[in-house]
């Protein structure tokens, strides 16, 4: 049904089965590039409503993991399930996004030829079908939603600006905004505070903690202060597998983690 | 050593830098700070000749840089680590590094070992395409690439973006070492106060395309931070 | 924050050219039509049938340019094979017209077109059946190119063939079609193609009235296509299309099936091209495989570029201008017109990077006193 | 008007410019010459040159432009059949007059066109006769470019050969696209086909640009004219000027004209051509002669009719005679085709042809082939009482279109 | 080279001519015959030639050869036959019989003795007969081979006698073959015939095959017939094999042409990203350069290519640099616009060539060392010009690889094309790199033009006919991958040539195109895609 769908319509919305309280199952996933193992038999389970921080050395495979979850990269082996019932590996990127998995990229990627507003409009949680969007109009609710998000990301004044003209940090915010309007169940956030000032970092932290509970959030970040301020459970990746997992304090005192990641006096 | 005098810059019809004045002392490590979008990157691009200056003068020592083409500026000893890394994605790590060799004074034909001592991961990944590296690895490559040119002035635009903590420390150490023991002039754009305080000797605060405060790092007060860096 | 700045703070204005465009087109067409039909031949205001026919041709080209602009200008799909859809539409119309000749062909064969008679064919190939009925023929003229676009697009976009790869494949497509249609065995008249048309829906093609009507119908279809395309590009569908142009992978992560968006846009564009082809053929009187030639398709792209891609009126203006220039140059400078045309292309690229439309926009933007809408105060 | 306008409709750019631009110069030369003689009906002739750019629809458009905008009295133009077909409806709608100077497949006779090039019976049939009788050819390769002229010509030839008892297995037919350039396999196939112990010849309707690589490949694969002679219908002096002909000596061509024929008229013509083009090496060729004859006839017809009115000139044309450049008289027949002699020539080392055979007297051009089932009963006759281009002698009716 | 069978018609005529000769009045002396030949019409010449052969015997060789090759002339005043000998740019005439130079005769005083195909055939046969006794073994061998189709008892007798004294093994083999052919047909003993036929099975010559086919059709002696069938089978197997090799070579050769056409584009388009529609015109410039070079050195055609190659590189390269400096450099970051501008340039260049050189094709001569073919056996011969071009394409390819891999240019080019601003910040002179790269790509296109001038028309349309193929090859191979271009070119060439015999030329091209379209669905970035994150 999914593989050969008639090219006119979108996937029927599957009911997400959360009966076992876990929303994401990553089991035994391996990815290799030209023989180099970016992910190596990785296992990761995330509960619904959790705010999970993912840390690990540069090149540990964090972004690659997100690529796998969002359907961008096909793993060599393993399983990835969304809830009990949805096998993400059998889905296309678009399907996965429609299931409610949103992503913020490490390098900000916004639509430079579109205004900030249009960027948000396109990201709205809505029917993504062709016919629908040919005639779609913004509803009042959607308008409010966008306004709300604009004020969160501080780009009200730039709403009509082309996204291409934003500065690096502004693009970061816009991308967070795009994630927010799409109202996802699971948010994958790759390095949200890179290039932000301390103040902005704090605001981002607030934002993310606010989101958790209702939604599930996975954050990748190297800014330890930031991680400390939001983290409940932290998973440390190393060379494509989980090196350690636990609370921030547990992880911070882990000898291996200090050795390969934090450095002596972090 | 480097001076900006009344520099104005425009994107199309949009003015970003407004009569900007700035002075960087030789041998110092100067931190340029400011909120997102105030024009830090723009300023550095003007310095590198990648953006045209509408009015004003930029000098390196006695040389008026405005008249020097962008390609010539590295030969004056300026090394640049841009924001967003700007790795040559389809070149291997080695090739990325080699590109800096012709600029060196000593015309060395080999990539100096020093680079690999500073960033061992680059040595492991010599044959990998630059574009395939992880974000943090790319950042290290970008710094390494600038260092291959043996610059006298090193410009870094948010070098710690996306770098794992122990490497951030390391980069800090490297910058300090280059600045203190080798006398390299460093211009650093940095958002993270901690890091800025640790490696920076001086600071320049920017607001809306102007430099609004400059002093030595120990003078960076909470008041100033609140005024110019808070959102 | 520090965003004072007009140019970038200006909202992306909805293309406000629709009404002016439709009005100008309608007025001009009516004017020319009346000047041909009502003004006597001696008068300075008389417009010759020659001019009318030329206009009709230009307008079909304009429609074709519009088709290319829709995919290229808005979605970044540089098709170097749109001539194929145009030609297929043309062949559909041509087959109908051919069947209308009846016994008036050189051999007087009531069923077989002349070229089949002298190649000694005994009966009409199956794919010619029904083409003597106008509605069916027109359906085919749309269906076949539409289907081809669908199949090609479905294969290519699903496999994520993009950029120059896609461009060159579209070129291969039209090139293969050209070779195929050149083959006499194909039953489309080989190199000579289809010609010697007599009448359309019972009206003699060679009367002034018919020529004017064809021109007017072409203009109407162009206006309709313009409105349609404008509507599409203004809709959220259109925004997604533009987003695909600028970052297709990212659009996928927003949950849009970009391959489907592209396929349907491609089909829409192919249909426009097919309509253009169908209108072109009765006005120029011949369709042959030369229309499939890759160089033709490249030229279409160039009309769009000259006019300014990404704006609908730019495509139309570009097609009209380049073709007018061609007509004039080939008559005034028969030995050197290619220099002139070549120079035109180079100069436009160098000095009008956004085409003529860009020039126009700059003018509008610079007009004193006109402040962009919704300007944001600092 | 105080001048008589003459339209020149030959491609000056695009793929056909190679062949057609020469004809433009020829017409200009003829006009020049006529004007030196005082013009026509007391008026100067004024050429109107346009460039249809090897684009077939453009031919139709330019025809319309010439007739309805420039008001030309006559058009000299076209080379390919498709361009002629494209122009026909316009000519007939606006009642124009076209002189078409290239050998073609026949199967056509329009009131508005005079065909001064060879019909298949004025080129193909005599050529095959020569191969069969004089060279004893038993096996045939019919190689052509894939379009109507070669297809039709080969159809006629196939029928003709079979009527002479040639077996199917002794005929090989091969078509290639326009501008084909990789002849290795085909030439090698021809070589194999020709090694079966029977004298083999190639009858080539290969057109235009494809010829040079074809002959180069023949030379390189060592197929000499003694082994397998090639008889070409579209290779003239001009095409040869682009090839090193030494390896090709002895291959053949059939035309109504060769530059090498020594007659006073031809000498004068060549001299004038060299003077006009300011190039003493510029060759002449058959379509040029056809243009020459057409032009002269038109001038005579206008003089006879006393007007440039198309209908009157058309009637005056029939029966006009002009001396061929190769001797004898060309005459315009009632079917708008010429009676002309047919010459067979062998390629020489200097790029010229040496005539090796010539028909006795002239051969009248057939508008409709006697060897095609659909047209063997058809004739064209533009004089009363028949007055049509496709008269069926069996049913005694004009069929199809009436122009 | 293969000599083909003479016509039966002609053999008949020989017989009649001989009969006629016997019954007629005593023949005129040699000199008289020669004078007659000087003025004879084409119709009368064959008879005269036959008489000359009878009278003059071997001494007629130079005359026959000259006549066949079109260098036999008769002096207008005296009707003496003279042979033209090329001596540089001046021709020297020698007496046809004695070979002594004839004084005071220039090319104005003589007219050519007309020959036609028929006569040439007759002369070739006579020449071969004489050459059986030539002192040169190669010539002797050729002579024997060319007589295989016309074996008759007298000839067989001559051969048998000559065979006894023959020393060269090659000639012996040829003679044995002829004798075996004779035995196979005429021997009275079936065993001898069968043995002879078995011997014949080792030869791939067409004459042998035709003879065997005749034997196969003759049921009078079953064992002979069976032997013929067997021999033909063997021959067929071998010739099929050679046919494959032949086809493979054709494919490689077509591939090499595609490679040459595409390789420059692989740089300007593949590496620099310029959609260079004027690429074909750069090849055209190269081809015209060859023409001009040959005009400038008409007496050194053999060496002309060595001058033309660098000249074409310089001309096309300089044009490329000019185009880059004047147009392309203003289009950085707007790759699609380069399509528009370069298309305009290509129109201009075509028209410029039409204006300067006329729209007609120009004649480029083949140097003698590139003409003809090497015959490996009668079923397999490889044309020299194709072989040279194949080698040339490979050499150009590897040289280019070397330049791009071993010099800093290659690295710089790629850096500039990937990130111009960053390249500037690394001190790379982007302007110079651009100009040099475009110049290099164009220069290579120019060199390709030199090669193409040996195969096809040198005319204003030359570029047009290759541009589509070139793009196809580059894209099929994978943009930015030179090795991909190489593999793609040869793949397409070979595929085309293996399809062609089955489907015909047109359908083969169509099928190849369809194949490419489908293939790209499987590998959207060509045969050798650029991999990795950055390529997405």
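Each chain carries a letter (A, B, C, D and E) given by its place in the written order, and its residues are counted from 1.
By definition in this document, contacts are C-beta pairs under 8 Å (C-beta built on N, C-alpha and C of every residue); 3 or more make two chains touch, one makes a residue touch a chain.
This one's a predicted model, so the numbers in the text were calculated from it and none came from an experiment.
Chemist: Need the graph distance between chain D and chain E over the touch network, please.
Modeler: 1
Chemist: Find out how few touching-chain steps suffice to connect chain C with chain E.
Modeler: Each step joins two touching chains, and the minimum needed here is 1.
Chemist: Tally the contacting C-beta pairs at the C-D interface and at the B-E interface, and name the larger one.
Modeler: By the number of C-beta pairs in contact, the winner is C-D.
Chemist: Please find which chain has its CA centre nearest to the centre of all protein CA atoms in view.
Modeler: C
Chemist: Taking each chain's centre as the mean of its C-alpha atoms, which one ends up farthest from the centre of chain A?
Modeler: Centre of mass proxy via C-alpha means gives D as farthest from chain A.
Chemist: What is the distance in Å between the mean C-alpha positions of chain B and chain D?
Modeler: 75
Chemist: Distance-wise, how many Å sit between the C-alpha centres of chain A and chain E, to the nearest whole number?
Modeler: 65
Chemist: Using mean CA coordinates as chain centres, what's the chain A-chain C distance in Å?
Modeler: One centre to the other, that is 43 Å.
Chemist: Starting from the mean Cα coordinates of chain A and chain D, work out the distance between those two points in Å.
Modeler: 74
Chemist: Where does chain A touch two or more other chains at once, residue-wise?
Modeler: Residues 33, 154, 165 of chain A each touch two or more of the other chains.
Chemist: If you look at chain C, which of its residues touch at least two other chains?
Modeler: 1, 3, 8, 179, 182-183, 249, 335, 338
Chemist: Counting only residues that touch at least two other chains, what does the list for chain D look like?
Modeler: Each of 12-13, 146, 177 in chain D touches at least two other chains.
Chemist: Spell out the residues on chain C that touch chain D in their complex, using ranges where they run on.
Modeler: 48-50, 53-54, 57, 103-109, 115, 117-120, 179, 182-184, 190-193, 195-197, 206, 284-286, 288, 290, 327, 330-331, 334-335, 337-338
Chemist: Would you tell me which residues of chain C are touching chain A in their complex?
Modeler: Spelled out, the residues of chain C in touch with chain A are 1, 3, 8-12, 154, 232, 235-237, 239-240, 242-243, 245-247, 249-261, 263-264, 374, 376.
Chemist: Where on chain C is chain E touching in the complex?
Modeler: 78, 152, 155-156, 159-162, 164-165, 168-169, 171-173, 175-176, 179-180, 182-183, 249, 294-295, 298, 301-302, 305-306, 335-336, 338-339, 341-346, 348-350, 353
Chemist: Which residues of chain E touch chain B in their complex?
Modeler: For this pair, the touching residues of chain E are 408, 411-412, 414-415, 418-419, 421-431, 480, 530-535.
Chemist: Which of the residues in chain B end up touching chain A in this complex?
Modeler: Going through chain B, the ones touching chain A are 11, 14, 35-37, 41, 83-84, 121, 128, 132-137, 139-140, 158, 161-170, 191-194, 229-231.
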